[in-house]
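Consider the two complexes below, in which chain A is the common component and chain B and chain C are the respective partners.
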Partner chain A sequence: MFAFCVEPDLLPQWQWFACYLTSGTHLAFYWSFLVVMLLLVVVAPLALGMGMLGALAVRSRFFPLSWLGKGYVNVVRGVPDIVFFLFVPIALGQGIEYVLHQINCPDWDQPIRQGNDFIVCREARFPGVNASAWARNVYAFGMAAIAFALVFGAFVANTLHGAMQAVPRAQIETAEAYGMTRGQSFRRVVLPQMWVYAIPGLSNIWQILIKATPLLFLLGIQDAVFWARELGGAKTSLYTYPHPDWRVWYFLVLLVFYLFLTWISERAFGRLSDGLSRGQATAAGERQRRAAA
Partner chain B sequence: MKKLVLTLAALAFSAGTVLAQDVVRMGTEGAYPPFNFINDNNELEGFEIDLGNAMCERAGLTCEWVINDWDTIIPNLVAGNYDTIMAGMSITEARAEVISFTQNYKYGDPSSFMALAGTDESVIESGVIAAQSNTVQAGLVAESDASLLEYPTPDETIAAVRGGEADAVLADRAFLAPFVEESGGELVFIGDQVTPGDGIGMGVRQSDNELRETFDAIIAEMKQDGSLNELLIQWFGEDTPTF
Partner chain C sequence: MRTCQESFDAYFLRPLGREFGENLLPRGLEITLCDQIFLIGGGLIWNVYFAVLAILFGFFMAAGVALAKFSDNPWLHRPASGFVFFFRGSPLFIQFFFFYSAFLLLPRVGFDIPLGFVTLTIHTSALTTAQVGGLIVLILNTTAYSAELFYGALRSIPKGDLEAADAYGISGFTRFRRIIWPTMLRLAWPSYTNEAIFLTHSTTLVFLSAFPARQQSGEAFYYARYFVDQTFNPFVAYPLVGLYFVCLTLLIVGIFGLVNKRLNSHLPQAARARFRFRPQYVR
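Entry: the complex of A and B
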């Protein structure tokens, strides 16, 4: 990074640290924080979408759809997260390759499963045999995002379903009295009012999602926790910057990072909750009315 | 998401048709110096990286390294995420049931116990011994009367000895040697060396005979012309057993 980093052994302490903290692995460490935040930004809307679909399915009066919704919500919530994080990318990855195999290689005569091995023809490999490292990273990241969205979508679905039920019955009765159909009253009355009931649950799920991001390493993505462990471990003179076990400092940095993220989110949710309570028939809404009056 | 997947598919396919020659993806752990490790420039380095690159060059293959966690390194090979494993992996019967191995490219590395100075040798029989999980060393400790304390990474086994959670660590001597040398007398080898397994080899899928034969022939060739020995001495010192 700096011009003076040629012979680190001879440097005074501050310069040694300047070089050490800007080494290639450290830059990757800093980058991994961005990857974690990018995952959060991508997963949040996906999980919210999955949750909304799940909640609507659970509410549906069409039996198979309602069963599907209930099955999704209960199965995913009932199985340890880590199992799903391992299962989804493998199952989805092999599923994609299986389908591509059926399409591209109809004349293939060997079995796909040979003992322990999962073998598809060359054209069915996904990402392709010669895909760039970049494409593979995007693929791994996409798989991780899907796995997170599936797992957290189930929790969101349950929260949103509860929030829909919490909208006072009198509101819906009034909508019906105006002659609105079930769909209209849902869109115009339930949907806008449910969020204030959903926010506490959603904020819980968001905090848990933040804390679940270290599971990324299970999916082959080098996240902040991986790098903290890798960089903090004692380094012998095989490395340019040998040092004793510094893991405690690296984990301290992680601790501050995650606390900062959750603190910021808590504030954001507080503001959101205030905004959504305005004019609502809830205790918070009532307090705002009194304060304004 | 769908769009992304489709774009990816298109990308992958176009890449697949342009190049006639397939990339061989080589899995490694990247956390086991001097066999394989990520250096301070965030590049892979080590004996196996040098050896792997030399082998690919001789075979005229384009190779690409992939870093994978040790605990899932065999399942991901079998699932086709990469095509070979070079990660200081000892050839054992249990592993040979799941994947196949080339001939060894390094003799069964002597393993040693390392402990804080002043630790009594009896801990080998009756103490708490740290080892990396899913290694031959962990298997050895599990079979002995000592208690086994497993850690997912090699780093953590060293930290456990320094921190007193374990009385000693059992690992490849080549991995432990720098720690002993640089500890200024704090860490020492205790007891006798043990030699588990039939040496270290490259793992490939059982269905991938062609690739195994290619690399097997090249290892034989490199043993004969002495280039393998040069690499062994470069990374493990003069005392290491050569072919």
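Entry: the complex of A and C
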């Protein structure tokens, strides 16, 4: 990074650290924090979408659909999430390869599961045999995002369903009295008002989502945990920057990063909740009205 | 092929260590369904060990931390709030890493604390094992989460109850033991049941990364992962471990429900606090 970094052994303390902290692997470490943020940004709307679909399915008057929605919400919530995080990517990966195998190689006569191997034809490999390392990383990240969206979608579905129920019944009755259809009263009355009831639950889920991101490490993605382990471990004099076991400091940095992230989002949700309470028939809305008057 | 009886003898107690079963875990093609059922089931011993001890210690520590956080004295309130913020604001997964690498830095042989008449030797090597070090992290973590629940309950003790205690001349420790403590427990119990469930589920994280599983003795999920790595088939071991955890969850709901009944026994049926299953597994 710096011009004086040619021979780190001879450098004084501060220059040594300046070189050490800007080495190529450290830049990858800093980059991995962005990967964590990227996962949050990708998963949040996906989970919100899944949750909305789930909540609508649970509410549906079409019996199989509501049964499907309830099954999804309860099964995912009833089993430890870590099982899902590890199960979904591998099961989905095998599912994709199985489907591609059926499409591309219809005249394959051997079974796909032979003993402990999962064998599909060459054309059915996904990502392909010649895929670049970059494509493989994107694939792994996408699988992780889907697993997260599935698990958190169930949490969100539960919260949104509760929020829809919490909108005062009298308001829906009024909408019906004005001759609105079920769909219209949902769009015009329930949907705009449900968020104030959903925010506490959603904020909780967001905090849980933040705290779930280190599990990316288990899915083989080079995230902050991976690099903290990698960089912190003791380095012998064979390395350019030898040092003893510094893992505890690296993990301290990670802890501070997560504490900051949860702290800042708690404040952000507090402000959002204030904004949404404006003009609502709730205790918080009433307090705002009194303060203004 | 092993029979089911052989699998049971070889692997059910294997999670306790090598002396209790086969030396090696089943490998590759020789893995049978019974192997998976019994080895994963046997691993639950450790999940129960971590959960029971962490809940037991965590319960009393949480009560202390909650009272400290509720106190007006800034010297009690500040550290208690900081403790709760630290453990609730960061992922348990990283806490395991952090404490493991911190425990590794402690001197191997332990250190002596001279107390004048006797020298106390603290052995630190045990701290790097999951059974001690991992348990400590779990205890601290559940202490923080439960303390927040108890703190919320303390804040919502009805004013009338405290005024009635004052009117009867009940004060000091008697007031705490007879009025505050039972009411706090009663109010917090439904959410505390959820906390016990999350804690039990998060015992699956102990062996996942930092703390090593010595002699391949780990908890249920550790073995489930082992089997999936060996057979490359996620459709047996993961559902199995999920099923075991559903059973554990039902057991906890049952036991905590009995306590809840006792805590509410003086109240009319309609006024009793009810447990609602609200899982938030990741911490």
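Throughout what follows, the second predicted complex is superposed on the first by the 293 of 293 C-alpha atoms of A that agree within 3 Å, B and C clash if a C-alpha of one lies under 4 Å from a C-alpha of the other, contacts with A are read in each partner's own complex, and residues count from 1 in each chain.
We take it that a contact is a pair of C-beta atoms (placed from the backbone, for glycine too) under 8 Å apart; a residue touches a chain by one contact, two chains touch by 3 or more.
These numbers come from a predicted model, not from an experiment.
Asker: Put the two structures on top of each other at chain A: do chain B and chain C fit, or clash?
Answerer: Chain B/chain C on chain A - steric clash.
Asker: If we overlay the two complexes on their shared chain A, which of chain B and chain C does A:245 touch? Say first, second, both or neither.
Answerer: A:245 sits against chain B and chain C alike.
Asker: Determine, under the contact definition given at the top, whether A:34 touches first (chain B), second (chain C), both, or neither.
Answerer: Neither partner.
Asker: Touching A:225 in the superposition: chain B (first), chain C (second), both, neither?
Answerer: second
Asker: One more residue to check, A:21. First (chain B), second (chain C), both or neither?
Answerer: neither
Asker: Under the stated touch criterion, which partner chain does A:254 make contact with: chain B (first), chain C (second), both, or neither?
Answerer: The second partner, chain C, only.
Asker: Going by the contact rule set out at the top, does A:264 touch chain B (first), chain C (second), both, or neither?
Answerer: It touches nothing on chain B or chain C.
Asker: Should A:146 be classified as contacting the first partner (chain B), the second (chain C), both, or neither?
Answerer: In the superposition, A:146 touches chain B alone.
Asker: In the superposed arrangement, does A:91 touch chain B (first), chain C (second), both or neither?
Answerer: A:91 contacts chain C only, not chain B.
Asker: Looking at A:204, would you say it contacts chain B, chain C, both, or neither? Reply first, second, both or neither.
Answerer: In the superposition, A:204 contacts chain C only.
Asker: Residue overlap on chain A between the chain B contact set and the chain C contact set?
Answerer: Looking at chain A, the two contact sets intersect at 90, 94, 115-118, 217-218, 229, 245, 247.
Asker: In the complex of these two chains, what residues of chain A are touching chain B?
Answerer: Result: residues 20, 23-25, 27-28, 46, 90, 93-94, 97, 114-120, 122-123, 125-133, 135, 138-139, 142, 145-146, 217-218, 220, 222, 229-230, 233-234, 236-242, 245, 247 of chain A touch chain B.
Asker: Okay, in this complex, where on chain B does chain A touch?
Answerer: 1, 4-5, 8-9, 11-13, 15-16, 18-19, 22-23, 31, 33-34, 37-43, 64, 67-69, 72, 76, 78-81, 98-99, 153, 155-156, 158-159, 162, 178-179, 182, 205-208
Asker: Could you pull out which chain A residues touch chain C in their complex?
Answerer: Residue list for chain A touching chain C: 77-83, 86-87, 90-91, 94, 113, 115-118, 155, 204-205, 208-215, 217-218, 225, 228-229, 232, 245, 247-248, 251-252, 254-255, 258-259, 262-263.
Asker: What does chain C use to touch chain A in their complex?
Answerer: Where chain C meets chain A, its residues are 28-29, 31, 85-86, 88-95, 97-98, 101-102, 104-105, 201-202, 204-205, 208-209, 221, 224-225, 228, 230-235, 238, 241-242, 245-246, 249, 277, 279-283.
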